Amino acid sequence: MIKSTYCDKKQQEFHSITDLNQLSEYKDDPNAFLWVDLHDPSKEELAKIGEEFTLHPLALEDASHEHQRPKIEEYDNFYFVVFYTVKLNTEKGVLEVREIDLFLNKNYLITVHEHPIDELKEIETRWTRNVQQLNWGMGILLYSFLDTIVDGYFPVVDALVDQTEDIEDGLYTRKGGLHEHDTALKLLSLRKQFLALRRIVTPQRDILNVLTNRDNPIFDEQINVYFRDIYDHISRLADTVDLYRDQLSSTMDANLTVASNELNKVMRTMTAASIILMVDSLIAGVYGMNFVNMPELKWEYGYFIVIALMLLLTLIMSLFFRKLRWI
Amino acid sequence: MIKSTYCDKKQQEFHSITDLNQLSEYKDDPNAFLWVDLHDPSKEELAKIGEEFTLHPLALEDASHEHQRPKIEEYDNFYFVVFYTVKLNTEKGVLEVREIDLFLNKNYLITVHEHPIDELKEIETRWTRNVQQLNWGMGILLYSFLDTIVDGYFPVVDALVDQTEDIEDGLYTRKGGLHEHDTALKLLSLRKQFLALRRIVTPQRDILNVLTNRDNPIFDEQINVYFRDIYDHISRLADTVDLYRDQLSSTMDANLTVASNELNKVMRTMTAASIILMVDSLIAGVYGMNFVNMPELKWEYGYFIVIALMLLLTLIMSLFFRKLRWI
Amino acid sequence: MIKSTYCDKKQQEFHSITDLNQLSEYKDDPNAFLWVDLHDPSKEELAKIGEEFTLHPLALEDASHEHQRPKIEEYDNFYFVVFYTVKLNTEKGVLEVREIDLFLNKNYLITVHEHPIDELKEIETRWTRNVQQLNWGMGILLYSFLDTIVDGYFPVVDALVDQTEDIEDGLYTRKGGLHEHDTALKLLSLRKQFLALRRIVTPQRDILNVLTNRDNPIFDEQINVYFRDIYDHISRLADTVDLYRDQLSSTMDANLTVASNELNKVMRTMTAASIILMVDSLIAGVYGMNFVNMPELKWEYGYFIVIALMLLLTLIMSLFFRKLRWI
Amino acid sequence: MIKSTYCDKKQQEFHSITDLNQLSEYKDDPNAFLWVDLHDPSKEELAKIGEEFTLHPLALEDASHEHQRPKIEEYDNFYFVVFYTVKLNTEKGVLEVREIDLFLNKNYLITVHEHPIDELKEIETRWTRNVQQLNWGMGILLYSFLDTIVDGYFPVVDALVDQTEDIEDGLYTRKGGLHEHDTALKLLSLRKQFLALRRIVTPQRDILNVLTNRDNPIFDEQINVYFRDIYDHISRLADTVDLYRDQLSSTMDANLTVASNELNKVMRTMTAASIILMVDSLIAGVYGMNFVNMPELKWEYGYFIVIALMLLLTLIMSLFFRKLRWI
Amino acid sequence: MIKSTYCDKKQQEFHSITDLNQLSEYKDDPNAFLWVDLHDPSKEELAKIGEEFTLHPLALEDASHEHQRPKIEEYDNFYFVVFYTVKLNTEKGVLEVREIDLFLNKNYLITVHEHPIDELKEIETRWTRNVQQLNWGMGILLYSFLDTIVDGYFPVVDALVDQTEDIEDGLYTRKGGLHEHDTALKLLSLRKQFLALRRIVTPQRDILNVLTNRDNPIFDEQINVYFRDIYDHISRLADTVDLYRDQLSSTMDANLTVASNELNKVMRTMTAASIILMVDSLIAGVYGMNFVNMPELKWEYGYFIVIALMLLLTLIMSLFFRKLRWI
């Protein structure tokens, strides 16, 4: 699906382009900003756009495949950017990353993505609203674009952080349960999601760094501080991701110690109970022996004395083990 | 709440400004230093200050939100700095970090913070006391500001270090208790607090590095060594935080080994006790058998001999296991 | 085995060279591109080629030995490149890496390899098909070469990733089995294969970086973006390898916690079962004592009451331990 | 305590200065080298020296406090260096680090330290002995100073290394003891001491690097190789510290495995012993049943046959478990 | 022991120098290359050589002591290099590193070593054989020297790698043994040897890097590629060492999991056996009770029925536990 918006810089007006043949007309017009959005384009559509805008085949190839690394590449006549949006699929509990590819120069922005991107509507709104910034050129559209996308990372990271904190809190409050198995796997899964995020966030920080530093001829100078603002946001994300990636390793270690400790408790209980019961059983066994000459057996209250002895020993040993905190 | 202090450089006098409309008057006066402190400002107050001092909207946006990264950013007409104070909430045992945002140039310092900052009073005292350093410009106020805040980190780090050392000492003195579970969680919590500190301290060291190195037109050259002094303090903090972050991982490993060892001890006790009691029980069981022809049963002292045998075996096995140090 | 192809740049024709004496004729012809492929050459063949093309003895020595590091080295009259192909031997489940050595300059490419390289046929097809790119010089042949080889890494890495994911999934679904031993060893083996891959991929990324950046006199400028494309692919591989190398360590830790947890479960079962059975046994033992005066023994329903008591205690204790989730 | 030595460069003579008022006289004399050593100076003494030599208040402040980071700082008229000596307190088994602060320029060296520094005497001896090197200026005194101190690190590091090696050797020779607890704590303590050393050694290496590289106007060029020699020594120390810091982590892991293995052994012993004794007990229990019709009970040698059976089973099971190496 | 060889560049002849007084004669002769090898020299010999060749006292000091770091240092009139040979003492199973110190400039190479170095003979052979390379100056001798020594590292590293692989293979094949203790210690020992190697190999790579890159006036330009070749070899060694250092940590973790798993198996066996035997014992205990009214006791086949019941229960429980794979 192709959706194209054309901005007349002088008139400060925005028009939808319905006839794609008009694209060639606007694409070199110094007064026009052109945004062409391709949602799940066919090979032919992509090829046509490529020809129209003389996009390099290698960039087109990257745009037609998924799972590129986030990157910015300079070609003769345009920049090519690969960026990602993230969503947390709360049903499956997995991170969903969606690639979006951008071709841009002074006059146009072409965006390519296989899946629908929820942020596009808001991006358009932001762009078309701030007409006074149009003199700043294409940069303001790219800024709106990247800023909106990066803002979408925060709820995702916050959700992962919350899950991590919940598990850690669980380590403190739960005592005596048997959830180390599940905890270990949840921690493992979270760690993986932080790693996956990091894999996207870190190179995207590099992209923003390039946009901030480079003396590029496409963007107005005033736009630099805007890219620095996104750089700042994404740096914060990277810090958070690194913090929790590190901390999760320690939490896994702590969980193992908790598991080990639970075992200690169980074994102490067992040891104490076994000793008490075996001592009593031994006494019963002794008086179950069939010796002819066992004087106690003939005592009037022998049986009751032995029962009392058993109870007494049980009590003493119980107190002893209780004092050791084994039971 | 807005609080504003004006310093007349020539007269070396300090005045409180009560009428905020005077701000515009002083803000460009080359003879004046202006400090405007905004405590939990409303959106309108912030916007008004922004307009008055022509602060960039992106910096204002950062100032109005919490949880920015510590950073220093150069704008056309001012520097924007995000810094943090830390407190240890001894009741809850958690680290409390509070953001403070600074706008500054040759003539003014504007500070914005949501929570009350205890250090402000001392900062003002230090600034107004050293009148002979006023020629050095705004730098001396910024120095007083940052130095006072960084000095406030030391008691916090010292407290965390003390807690860590106490837990480690506990590993040595405690033998036979069952505290590995709690120790693991305390270590985990401490490690997290060191990580959280590191997340603030490291970028703040970068800020001081920028202030020390840059040939900036705002600060007098003589002030550089003062910023280097703060840089030095914060480097020391960073070293301490890194040292304990690393050491805590080892302490967690040691704690796991201690837990594992405790289990060894318990199981040795249990093994020894089980074997002794089962041997005695077996003997009792043997003489509880109902064979018609069991000569020992008819011996006059058979019963007493068997009891003596049990005691003897118990003694021998106890000594054996004691020698193995199993009981 | 020597196989040589000669490309007449002007005529845009490709010829097989059968008489190796022709090599000297073509190797300096500015209109010719020469590709000489040596499959498991004898020492004499290699020496002859070396003499013909005045290759440096150190480069020849590297070419005649296996297990060099991937590298690119500049000599006076040629570049020397060591590169690797990888295959996953699905039977043995091991990674097979095969070295391929390249000598190249403006006029020729000489490739040396001990084992057959499956990709060679495709490389030749790609080269001979795109005749319009012949003006770009030898670079396009090198690009076809490296691109085809690097494309071959993806299925290998994907297979390793799949195996890793399968094991992780196994951690979640399997509950109660006893596969930690095998899992640990499979994880260890996978980690080693990722390490082995990393050892090849990382220096090969450096090679591509050199090819991308260097203002070299051999390759046409237009070819740079093509090498950057391979660099991009190989960077992605390196990222994946690093991600899983890191994650596998955590998975190993999680597996250990799972193992530890399984033990907890077993010991809880044992503790519960022991206590129940020992209590019942103790009661039986008590009524197996031979005291003359044991009133219960003479009760009409004493036996049945005791059996009922045992059952009742067993039930109560079972419910208790069930509630603790020990059985 | 202030101790001051004055060297007359021309006469190549050394004099003790007793009247501190002479300091001002010598401090600018181009023919004099002045060494002022302040041992635990009072605030007033330090202030007086500061005034006399116009030392910057920030450097003086650092000199009057303990626990600075090792560093070198350039001021307008002098360099300020913080360095540490280390001692191993063999009684308490802890590392004692002592700070020493140096102010130096072409004409003087001022050293400040709170605790007595044993190396001072030797430093003075070395300085006053090599009169032929006096032309090289203050550098030779600083070299003697730092070299003597760094030489003092080696016995300390060697002692820590020895302790580490002893513990490792203990892992190999000890089999069956129960020392994992103590070993874990000793390893933890050693690791901490290596970390503490590293915290001093690494920045001190940076100091020497600065002294080696900088084209500084204070030191004669010929002195550079001497500082490089100290740099070399301290690099070696840093390498050793890093090596053992890393290795100690592995040793802790190995110790945990040893502990885990000890537990395996204990549990195998217990399992084997339990099974043997329970089987025998079961047989005794069977023949302790009170059935009216149990033919074996009436056999003449039934009892002896059963005892023999028990012994036989015990023997067979013992051999079986011995073969498994469980007992 | 001093052994000296003199090469007459013009005549391309090599002579042994027997009279050490001739050294001074040759050492400045532009037509001569001089190699002086000092094996375990006395202090006097070293001092004499130092005086003869005006070697700096700091370099001489390093040469007279063991355990320097590998390094290259430039002095006014010569380069000083510290290098190491390694041997694997197969009897003791330890790595033996031997230091060798080199002084070199355009005219001479002086080598100092305490222990005999096996490679010296081969080095001399290589030097004296390739007379056509004599124009390249001293570089070719240094190349022969370092190349021969570095070639000696490969069998050592290969042996360590083989040992590591053997232990890993052992983890896979061994099932049910009790070798985790020994495995852990072997892994620890191997890891230490890799660390020790790394400590030598990494700085030696730096030395070669210096030799490759520096525009030095001593070596002919053509020799650079030769040093690059050694650099390449030593980089490969460094890669291997790093790979196994990393992998050994994982192997240690896997070994711990294996140990943990072995324990699981033992405890499952014990739990199953205990439950079966205790159930049977309980039944026997019940029929050992002395109640007057126990109808089963009087049944004709009561005893046999109970025995059959026990066998049946044993069978059922055995099958159950077998199905759980506990026994």
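Letters are used for the chains, namely A, B, C, D and E, taken in the order the chains are written, and counting of residues starts over at 1 for each.
Just so we're on the same page, contacts are C-beta pairs under 8 Å (C-beta built on N, C-alpha and C of every residue); 3 or more make two chains touch, one makes a residue touch a chain.
In UniProt terms, the chains line up like this: A, B, C, D, E = Magnesium transport protein CorA.
Here the structure is a predicted model, which is why all the values come from computation and not from measurement.
**Student:** So which chains count as neighbours of both chain A and chain E?
**Tutor:** Both chain A and chain E are touched by C, going by the contact rule given at the top.
**Student:** For the homomeric pair chain A and chain B, should the interface be classed as same or different, according to whether the shared residue numbers exceed half of all numbers used?
**Tutor:** Different: fewer than half of the residue numbers at the chain A-chain B interface appear in both copies.
**Student:** What rotation angle, rounded to the nearest 5 degrees, superposes the C-alpha atoms of chain C onto those of its identical copy chain D?
**Tutor:** The superposition gives an angle of 145 degrees.
**Student:** For chain B versus chain C, what separation do you get between their C-alpha means, in angstrom?
**Tutor:** Computed from C-alpha means, the inter-chain centre distance equals 41 Å.
**Student:** Need the CA-centroid distance for the pair chain B / chain D, whole Å please.
**Tutor:** Taking the average C-alpha coordinate of chain B and of chain D, the gap between them is 25 Å.
**Student:** What residues in chain E touch two or more of the other chains?
**Tutor:** 253, 256, 260, 262-263, 267, 270, 274, 278, 281, 285, 288-290, 294
**Student:** Looking only at which chains touch which, which shape fits best: line, ring, star, complete or other?
**Tutor:** Shape of the chain contacts: a ring, since each chain touches exactly two and the loop closes.
**Student:** Can you trace the ring for me, chain B first, then chain D, and on through the rest?
**Tutor:** Here the ring, read from chain B toward chain D, comes out as B, D, E, C, A.
**Student:** Within their complex, state which residues of chain C touch chain A.
**Tutor:** 168, 171-172, 175, 225-226, 228-229, 232, 235-236, 239, 243, 246-247, 250-251, 253-254, 256-258, 260-265, 267-268, 270-271, 274-275, 278-279, 281-282, 285-286, 288-294, 324-325
**Student:** Write out the stretch or stretches of chain A touching chain C in their complex.
**Tutor:** It comes out as residues 56, 58, 61-62, 67-69, 71, 73, 75, 176-178, 180-181, 183-185, 187-188, 191-192, 195-196, 199, 248-249, 252-253, 255-256, 259-260, 262-263, 266-267, 269-270, 273-274, 277-278, 280-281, 284-285, 287-290, 294, 296-303, 306-307, 310.
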